[in-house]
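Consider the two complexes below, in which chain A is the common component and chain B and chain C are the respective partners.
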Partner chain A sequence: MADDVDQQQTTNTVEEPLDLIRLSLDERIYVKMRNDRELRGRLHAYDQHLNMILGDVEETVTTIEIDEEAYDEIYKSTKWNIPMLFVRGDGVVLVAPPLRVG
Partner chain B sequence: MSLRKQTPSDFLKQIIGRPVVVKLNSGVDYRGVLACLDGYMNIALEQTEEYVNGQLKNKYGDAFIRGNNAYLFFSFQYCI
Partner chain C sequence: MDPRNPNDLSICGTLHSVDQYLNIKLTDISVTDPEKYPHMLSVKNCFIRGSVVHYVQLPADEVDTQLLQDAARKEASQQKQ
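Moving on to the complex of A and B:
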């Protein structure tokens, strides 16, 4: 009698969020971090702490300056590129596929 | 309606597949359909929208939120 039960399940019916991040390995991703920082890079590795190795990264730091005369908020973004980066997981807020403008 | 002892984890299992709002410590709101979550409260949302004061960005597909940043979930459709 054939056993219908799958004895080896590489993926369960309910996947964890980390399993879904695994699907993004070697893809470009968008990472939102604490302190108004954003990263866009290629995900090479990650772990359960969300420590990550990202390649070919563009980091964006956003600062808000308040112009007291005009009562304006000026959003300034500083960007720079980093070829290979280790990201410590406790700074990560959100991980997503890159934002598509449209 | 039977009263059963429910832990917050049971609530979270029930709202999988439902639209939720996740509030982060930083005050940012994420609204989307809850795809899955784990014991650390890491969250996967689908069709997520990010709200800071006004609407900022739209994220389609999956968005993963690290559990320690999330402090509140609420579901628009509460199921018993």
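Moving on to the complex of A and C:
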């Protein structure tokens, strides 16, 4: 009897980090990638490699330019939108619900 | 179909095939983004190693999101076992 219950396909308990991502399916999430890139989009699919499919994605690339004279660092970011995107898990650093900047 | 590579080379083309490593064969390709890489002018078909692909841009219409989500849930629970 107990064995049958254990073999259920999807459990509702959170056991490991990937389960937390499962809870975010079809929700908007924030993904931080290597090379100073960030994505915000709706999570449609993922796997254990953290390959993901995101819809309605906004990508932000941040670059730092150094002003030689004033020794200031200028942060520039460029954004663009992509309707549907597959992201390879290699580049993923962080997955989180979208940040609410207060 | 538009794989973007980490060295900032963007290629647009028709997906011919994919394998388990996510290596991609594209036919009839053109270089998207400003053509900073003229050495691709004569190339019509290419094989791309899966490990160098960063993003693949897909046309939204051809994606069934419900199916994807169900598959992701099943995949995730199967991996746990």
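Basically, the second predicted complex is superposed on the first by the 88 of 102 C-alpha atoms of A that agree within 3 Å, B and C clash if a C-alpha of one lies under 4 Å from a C-alpha of the other, contacts with A are read in each partner's own complex, and residues count from 1 in each chain.
One rule holds in what follows: a residue touches a chain if its C-beta (ideal position, glycine included) is under 8 Å from a C-beta of that chain, and two chains touch if they have at least 3 such contacts.
Please read all numbers here as calculations on a predicted model, not as lab measurements.
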For A:Leu50, decide between first (touching chain B), second (touching chain C), both and neither. first
Go through the superposed model and pick first if A:Met84 touches only chain B, second if only chain C, both, or neither. second
Taking the superposition on A as described, I'd like to know which of chain B and chain C A:Asp26 touches: first, second, both or neither. second
Considering only the touch criterion stated at the top, classify A:Pro97 as touching first (chain B), second (chain C), both, or neither. first
Return first, second, both or neither, reflecting whether A:Ile74 touches chain B, chain C, both chains, or no partner chain. neither
Counting only touches as set out at the top, which of chain B and chain C does A:Leu18 meet: first, second, both, neither? both
Which partner, chain B or chain C, is in contact with more residues of chain A? C
Chain A positions touched by chain B in one structure and by chain C in the second: 15-16, 18, 21, 48, 90
Can you name the residues of chain B that touch chain A in the complex? 16, 24, 26, 28, 30, 35-38, 40, 42-44, 48, 57-66, 68-69
Per the touch rule, the chain C residues reaching chain A in their complex are 6, 22, 50-51, 53-60, 63, 65, 68-69, 71-77, 79-80
With touch defined as at the start, can you tell me which chain A residues reach chain B in the complex? 14-18, 20-21, 34, 48, 50, 89-90, 92-97, 99-100
Within their complex, chain A touches chain C through residues 9-11, 15-16, 18-19, 21-22, 25-26, 35, 44-48, 51, 53, 55, 82-88, 90-91
